[in-house]
Structures are given as C-alpha cells and as structure tokens.
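Below are structures written as structure tokens.
In what follows, chain A forms one complex with chain B and a second complex with chain C.
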Partner chain A sequence: MKKNIFYMSSVIFFLIPVLLLILKSITAPWRSGNLPDWTLRGWETVFQDSRVIESMAITLGIALAVALINLIVGIPVAKALSHRSFKLKNTLEVLLLLPLFLPVIAAAMGLHITMIRLGLANTWIGVTIVHLVPTIPYTIKVLKAGYDRIPQDMLNQGRMLKAGVWHAFRTIELPLLIPSIRSAIFLAVTISAGQYVLTAIIGGGSVITMPIIYYPFLQSADDTVMSAFSVAFVLIPAAAVLIAEAAAMALAGRLFIKRRSIQ
Partner chain B sequence: MTLPYLEVKNVSKQFDKAEIFKDLSFSLKKGEILSLAGPSGTGKSTLLRCLAGLDHFSNGEVLIEDTDLLAMQVKKRPVGMVFQQALLFPHLTLLENVAYGKKITHGKKEAYEMAHSYLKEVGLENHVKQYPHELSGGQQQRAALVRAMLLKPKLLLLDEPFSSLDPGLRKELREWVRSFLKKEEMTSIFVTHDKDEAMLLGDRTAVMAEGRLQQIGLPHELYHTPHNALVAELYSDVIVLDEARYCPAEKASWRAERKDGHEWFEAEWVNETYHFGRRLAHIRLISTGRRITIPAGESGKEASGYVTIPPEAIKYFKET
Partner chain C sequence: MKWQRTNGLFLLLLPAYAFLLLAGGSFILAFIESTGNGEGFTWSYYLSLFDRRELTDGLTYSIWITVSSTVVSLITGWLIVRSFYRLIDGNAKWLVWIPMLFPHFVWGYFVLLLLGQSGLISTALVQSGLLEDRTLFPVLVQDRSGIGIFITYVWKEIPFVILMLLPVYLQLPRQFREVNTVLGGGQRHWFKTVEWPWIKPVMFETGLIITAFIFTAYEVPGLLGVSYPQMTPVIAYDWFYSASGEERSMAFALLMLAAFILGACALTGFALMNKRRMLLSKSSHRY
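So, the complex of A and B:
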C-alpha cells in the first residue's frame, strides 16, 4: 500500500512533468486541435549559443568545487557537533544555520565589498566562495544526522583495534556516512547550480553560469526553446552526482561497491 | 614473590571538580580475571575507559609488566576492550570485522588466517561471509570478543558485555567466556552489576561503590566476611543491623511476636517465593523501608510481625 502510493506520486509529480518537458523540447508550441509538430529548433537554438556549453562547464566546475569544500568543512564540524560535548554547543549549531535566514541579497552585498578588496570579485573562485553561504548550513545539518546514527563507541572500538584517525575515517566513518554524503553533495550541487543573484553580483557578469544565461532566455517566451534549456540544465546536477560517486568509489574502494551491492 | 603483571596504583578521576573515584589500587597476576562489581554510576566504566586510553586518570600510575601504561598512546597500548554492545562494523562481513585490528598491525594475510582459525574455534566458521545484522545477539557478542582477542592484548577489558542479551543467552555465554579467557591466559577485568555473574566469571571480585574499592577478594570471602555495610548489601545475603554489625539472612526468622533476648525489627510481609525447595519471605522493614529476603520456615503470612535475630548469629564487620 505504502509502496503503491510512493510509485503513484512519483509518476504524477515527477515522471509525467519530466516527460512533458522533454516532449515539449522537441515539438513546436501546441495549438488546440492540431497534432504537435516535431522539431529540433529548441535544441538548435540552445546549443547555437556558444556560451551555453561553456557556461555548463563553468556551472559544473563551480558546483563540484562547492560540494567538495562543503564536505571538507562539513564533516569535521558535523562530527564535533554530534560526538562531542562542549559549552555553547547548541548556540553554535543555531549560529551555523543562521545564513539560511539571512536574505541572500544582504549577504551578497556585504560580501561583494570584501571580495573586491580581496580581488576575488568577478572570478570563479569568488563565486565558489559565495555559494558556500547558502549550502554549508544544509551540509552540516545532513552530515550531523549521519554522524548521529554512528554510535560513539563504534568509533572508540575502532581506536581500540589500533586504527589511526585517517584509517578509521576511511574504513568506518566514510562507508557509514555514504548515504548522508550523497545527500549533501546533491543538495550543494543543485543549490549552487541554481544561484542567480549571488553569481550575478559576485561574478559581475564575467562568470557566466547557466542561470545567468537562462533568465534572459525566459523573456523569449518560446516554450520549445525554454524546455530544451531546462532539460540541458538538469544534466548539470546529474553529471555532478555521477562524478562525485566515481570519486567516492575511488576513495573508499572496494568497501563502497560492496556496500551498494548488499543494499 | 612474583611481581604483579598489572599494577594499578592510587588512580583517581575527577570530572568538573566532581570526584568519580579516588585512590583505587589493585594488582593482577598474569591470566587472572577480576570481576568489578557495584551499582551503576560508580565509575566502573570510567575506570575501564581510562585504562583503555579513551579517557584519562586525573592522578595515579598503572604499570603493566613494569612499563608505564598511561604513557603509551591508545594505538600502542596493549589493551583490548569489549563494549556493552557488540559494535560490529555493519558494512563489513564477520570475517572482515574480526580481522579488522590484526589487519592494521600484521597485514591482511595473517589477519584473515588467524581470524578464520579463531572463528572456527568459537563455532562461527559457517558465518564468516555474513554481515552483522544477519547474526544473533550472542553470535555478535562472541565475534566482538574474538575481534578484541585477535590482537593478543596484555589486558582485556570487558564492560558489561552481556547486558544487552536475554537471560538465557547470558548464562550460556558466561561459561563460554570464562573458559575462553582461561584458555588464552588472558588477564582481564570484567565489569558487571550482577552478583552471580561476578562470582561465576572472576577469579577474584572487587566491589566498587561510592568512588572507592570497598573490598577485593575471593568470592567466598566477600560473601561470608564483607568488610562493611556497602559490600554486605551489594554482594552478600545478610541483614545489616548497623554500621558495625550484620547477620546472615538465613539465621533470621519471621515471627508474629518478639522473642526475648533476640534482636528484632518491626516488619511487613510483602510476598513469598520458592527457591531450591525453600520458602522465602520477602519482608519490608518498617523503620528503614528496606526490603530483605529471609527463610520463611513454617511461619504464617501475617501482614505484620517481627524479624528476629538470635544473638549468637550476629557478626561484626572487619573494617580495615
């Protein structure tokens, strides 16, 4: 019963809209009473613009860099918040969530001045850094939940079995955290790839990501072109997740593959 | 005189000014099993964690084979530990779990060979490829013990390893663990709050309460000659009369009337049970509210009456 509801809602809310989007990207705008005309015009328009391919690469690069920094910062913070007790821990947890409550534009304006001073304005590094603002709070939250599920004594057991910090991380924590890491990467990538305001302000028009091109396209009001563009946009998180999975597999090696095979 | 294998000297632990335990000293011979008994919250687990290196003593010294244990890093300490839960790594097979530590110190080949032979010895050879969630609680705990033993520690610490198991399984595992530890000549400290378990597993028993080692000795010494009221109440079947005197519970009797020349307590009958053919009365003492169990004999079960103690049965604590 529960499974059926899941499948039905997946079809209604996910599969049908996606299929419609793909269908619309290869047909001319529909008129009532007529069968749709097949056309590749939408895709041609999108990829004729030489900036699109380049911006896809930039978006993907920035999203992956953002995801990587998120993990590097998020894992130790999440571990400390979950497994250690110290004064003002709850306060710190709230503080770390605060960026989400701040209007993005306020953060962007403030950081813009700093970025100009540091010479990072109008560079992809600056954009990457500013994308950390709306992503790191989620990453910490997700990874903390992951660490909460690993009993502290499980890690103590690792120490008692003479595993060093890095060995224990690679062979115990990482495999057990994989589901959380996957969620964190996916969130960071989609949030980063979807940023318009932050990218526009800090990138200053020199860093052209997909949203920067996407929004002007919106004015064309050509359904076919817009649909093709949206489908192309979806490819970015999909590619990012594939790359992240491949990297995790290389790092955790055999363990990772086996864990997947028993699920 | 042979030197002790493990010597713990005057160790103390404070946490935020609160004293958890103070000036504990004891020593163990090679291959000896010490049961550490006492109520929960007296720092038994903290003591083990400090010995293991997961926590630190505030003061004191620990020598193992005459070398300073506390100066060694956790990674170098020849100490193994089994926790309350088996804590097998869920993403590894039984074999990989058991070989985990040995693999780090001696490489994969040797670790897997040794793990195989140990698992065979403990009757788990048919489960080597299974994951922990496919094993029963008892099998998991046995695997956890083997995993710790594989590193051949000089000292093995067991922190209530049976507390998450059901009573039947506990009994079975107790005997198995003792014979396994003895066969391996493993010097061990076994924490429990169960009196029977302490007697069954340990060569000697230490009773820890109120942050001190109250008494350490052979099971029968603790049972028959407790040093103070705390040990008596925790470990023995006696009625504590006051700071200095006690009486074995079997010498007390339940009466409707007081008896001349006998010590007496006003009491209330709560219930009765049978044990090895004897009828036992569960009594609540009116003055202190404590519940005690004494032989009921042929007496009736009046709602209220007296626990009487003949003067010749009264003994004195040998406080040292």
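So, the complex of A and C:
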C-alpha cells in the first residue's frame, strides 16, 4: 500500500510531466472539442533550424569541456581530502564548497571585465571557465564520497607492491571510482547545459547555447515547438554520457593492449 | 620520503588552489565593483539600495518566495526519503533523477504549460464543461504573488533534496536502531538522539544550497515573473546592464550583500557542525 502510493506519486510528479511534454511536442495546439492532431512540425522546426542545431553542438562541446576539467580538478582534490590528513583540511573543504552557497551570478558579473581584458569574453572558453564555478564544488563532493568508499588498506597494499602513483590510480582507484565519475560527469553536464545567465553575461550573445535561444523562442514559437525544444534538452546529457562511455572504453582498450604487450 | 609525500600533497591540491583563485577572485572582483570601482572606497551603493522602492518591494517578495519554497521542498523531500529510502534505492531512483535532467527554466515552462490560463488544466476544464471560459481559471503562473515560481522551485528541488538525503539514510548504521531499542528508547528518542543529529549537517547544507539558489537564480523568475515586483536576481541583472554606472555598482552591491549573508550563514553553520562531526567520525569511523 505504502509502496503503491510512493510509486504512483513518483510517476505522477516526475515522469508524467516529461510524457506530457513529449505528447505536446507531437500534437498540434489542442482546440476544444477535438482530439489532438498528430504532427511532427514541432520537431521539424527544432531540427531544421540551423541555429538550434549549432547551439546544441556548442552546448554539448562546452558541457564536455566543463566535465573534463571538473574531473581533472576534482579527482586529485577528492583524493587529498579523503585519504590525506593535513592542516586546515576542513577549512579547505568548506572553502571549496562555498560557491554552492553564494550567488554565482555575482561571480559571473565580477569576472566580466577581467574576461574582456583577457579576451575571453564572448568566447566559448570564457563561458567554460565561468561554468566551472557552479560545477566543481559538486564534483568534489561526489568524488570525495567515492574516495571515502575506497579503504585505505587497499591503497596501502598497492604501495606495498611497489605500484607507482599512476599505476595505483589506474588499477585500484579508477575502477572503484567509475560510478562516482559517472555521476560527476552527469551532474557537471546537466548544470552546464542549464546555465542561462552565466552564459549570457560572459558569452555576451556571441556564444549561443541552447538556453540562450530558449528564451527568445518562448516569445515567438507555439507550445508544440517549445515542447519539442524542451524535450531536446535531454539529448545533451544523453550524448555526453555516451561520448564519455565511448572515450572510457577506447582508453581502457588502449591501456589493456599496452599492458598485455609489456607482459 | 616525507618531503615526497608533502610534495605530492601540494600537487594534489594544486587544482584546488587554482579553483579557489577563480571562484574567490571573481567574488573579490565583484566586491571591488560594489565599493566604487577602485576610485576611493565607499559603502554608499549598499546604503542607496534601500532608497529604491522597487528593491525593498522586490526583497520582501524574494525572501517570501525563497523561504516558502525552501521550507516546503526541504520538509517534503525529507519526509519522502525518511519513509521510502529503501524503495527509492531499489528501483525508483531513475524516477527521481528525471527532473534533474532538465534545466530549471524548462521545468518553469512546463509549469506554465500546465497551469497557465491557456494551459493544459484550464483547457481540460473548459473542454469537460466544468469551466465556462479559460479566463475564469485563476492566474497561477506569471502572477503577482509568485505562485508559479514557488511551484516550479518546489517541484524541481524536491528531487534534489531526495538525492542529497538518500545516501545519508542508507548509511545510517542499522545497529543504531537496535541500540535504541535495547536502551528502551521510543520513536521520539530515536529521532532526537540518532536520526536528527545524523541528518542535521546534510539538511543544513541542502537547505542553504536551495536558499542561495532560489534567492539569486535569474532563470525561473526571468521566465515566470511579472514586471512588478521582481525578484532580486532579476533586479540585479537589469541594473547590471543599465546605462547608469551607479545602477551597475548597485547590482554588485545587492549581490554581494546576499553573498555576505549567505556566506556568513554557511561558515558559522559549518564551524559549529564540524566540531560535532569530528567527534562522530572519531567514534564511528570503521567497523
């Protein structure tokens, strides 16, 4: 009974909205008395608009760059916070998480003039940098929780068997971290792909991501087109996850071959 | 060997310092712009904030929306996790993840599509003859009291609260339940001595993340807000792009004021809780 209430309300509140958006995206605006007319016009409008396609590519590119930098920054920091003890460790951890509790819009506005001076305003690099502010704290949190689950004994054993830092990372830490890395990538990509104001301030209207055209679309397009565009946002994390998995498999394959050939 | 280890630590923390430089630097730059842009230090932009009627009205409106959406989503999310955490961890986790996939403004658009005057619900009511005309449907979205913004935030933050609290409940050692029973504790003791101290840090953290986000995120009020009153981030965004240099500095002052208050809350909260957490982690780290 308790179970059914839970499942039903989860479906109603979390799944039905998306199904409604999908349904809306393949039907003409509903008029009274009629059954909805099926149409692919919404999706055609979205995918035939070259600006939309281009914005998807830019959004995905920036999101992947953000995710990659997140991992490069997050993994060593998470390891230090989880498996090393040093002075002011708690303070450092709080400072690293602090941007989550502060207005990121202030950070973007503060960086604006510096970005102009450095020539990074209105470029995708500038936008990628400012997207790091709201994403890296989450990545550190997720990866630190991942490292917390790796027992110190396991790392000591690697050390005892004379594994170098890189070797130990590849054969012990990385395989155990995979689920956390997956969630970190997913989080970084969805946060980056959902930024409107940071992109607008630093991108200055030259870096056109999906959120940047979503707002003007809302003024002109009808509900069918808007629903299709809304659902299309799922494509970004989906594509990012596929690309990340493919990259991981390619990398693992290479490493595997290398190891075999050494033996 | 010791030198090597500390050196290694320095290398591990190097990216953290780079990030702190980026994040800290950006707030310092924002602070400089809020205090007169380097040409003489002044707090006057902070003081002149409160002479603006649009801002004082906007602040009340923002605080009201922020507090109500934070409290409602935090409590609802907590009650859901508390009663169903085993189920959620079983095979309902993907359901909770669905709203996380979409940006806030897409969820805002969905609320508009569903509850707007020409939305799905009003259309359905008119078609079924329960409502004569869609203009009779109450203005729930893009309304003056911010109901649409509130609904969007609550709907979007509940899954966030669930996903933040879920690992906390799953990691709660089962032995604690036995200890409580053996010592003759009831439900109330369980909550007071075990459950609440265990979840308090994450509840605080989640609540503060949501508060800071709702109070300063532009996306949803930019989409679902009305022209008066406006939420703080919308006012700040307009001022930032205003032709007058004074309003630009006031945009920074407004956001930095929010940053100081939220930052102070975060720092004192963590300082108070870190003491407790140290004791907890020393006593129950491994078994």
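Operating definition for what follows: the second predicted complex is superposed on the first by the 232 of 263 C-alpha atoms of A that agree within 3 Å, B and C clash if a C-alpha of one lies under 4 Å from a C-alpha of the other, contacts with A are read in each partner's own complex, and residues count from 1 in each chain.
FYI, contacts are C-beta pairs under 8 Å (C-beta built on N, C-alpha and C of every residue); 3 or more make two chains touch, one makes a residue touch a chain.
Because the structure is predicted, anything quoted here is derived from the model rather than measured.
Novice: For the three-chain model obtained by superposing on chain A, do chain B and chain C clash or fit?
Specialist: fit
Novice: Is A:114 in contact with chain B, with chain C, with both, or with neither (first, second, both, neither)?
Specialist: After superposing on A, A:114 lies in contact with chain C but is clear of chain B.
Novice: Per the contact definition in the header, classify A:247: touching chain B only (first), chain C only (second), both, or neither.
Specialist: neither
Novice: Please work out whether A:175 is in contact with chain B alone, chain C alone, both, or neither, and reply first, second, both or neither.
Specialist: In the superposition, A:175 touches chain B alone.
Novice: Using the touch definition from the top, say if A:157 reaches chain B (first), chain C (second), both or neither.
Specialist: Touch partner of A:157: chain B, not chain C.
Novice: Between the centres of chain B and chain C, viewed from chain A's Cα centre, what angle do you get? Round it to the nearest 10 degrees, please.
Specialist: Nearest-10 rounding gives 90 degrees.
Novice: If we overlay the two complexes on their shared chain A, which of chain B and chain C does A:6 touch? Say first, second, both or neither.
Specialist: second
Novice: More residues of chain A are touched by which partner: chain B or chain C?
Specialist: The partner that reaches more residues of chain A in the superposed model: C.
Novice: When the two complexes are placed on top of each other via chain A, what is the minimal CA separation of chain B and chain C in Å?
Specialist: Least C-alpha distance: 7 Å.
Novice: Can you list the chain C residues touching chain A in their complex?
Specialist: 8-9, 11-16, 18-20, 22-33, 80, 83-84, 87, 92, 95-96, 98-107, 109-110, 113-114, 120, 123, 126-127, 155, 158-159, 167, 205, 208-209, 212, 215-219, 222-223, 233, 236-237, 240, 251-252, 255-256, 258-259, 262-263, 265-267, 270, 274
Novice: Within their complex, state which residues of chain A touch chain C.
Specialist: 2-3, 6-7, 10-11, 13-15, 17-18, 20-21, 24, 30, 32-33, 72-74, 76-77, 79-80, 84, 86, 90, 92, 94-111, 113-114, 129-130, 132-133, 136, 140, 145, 165, 190, 193-197, 201, 211, 214-215, 218, 223, 226-227, 230, 233-234, 237
Novice: Touching chain A in the complex: which residues of chain B?
Specialist: For chain B paired with chain A, touching residues are 52-54, 74-75, 79-81, 83-85, 87, 89-92, 100-101, 104-105, 131, 147-148, 151.
Novice: Which part of chain A faces chain B closely enough to touch in the complex?
Specialist: For chain A paired with chain B, touching residues are 151, 153-154, 156-164, 167, 171-172, 175-176, 255, 258-259, 262.
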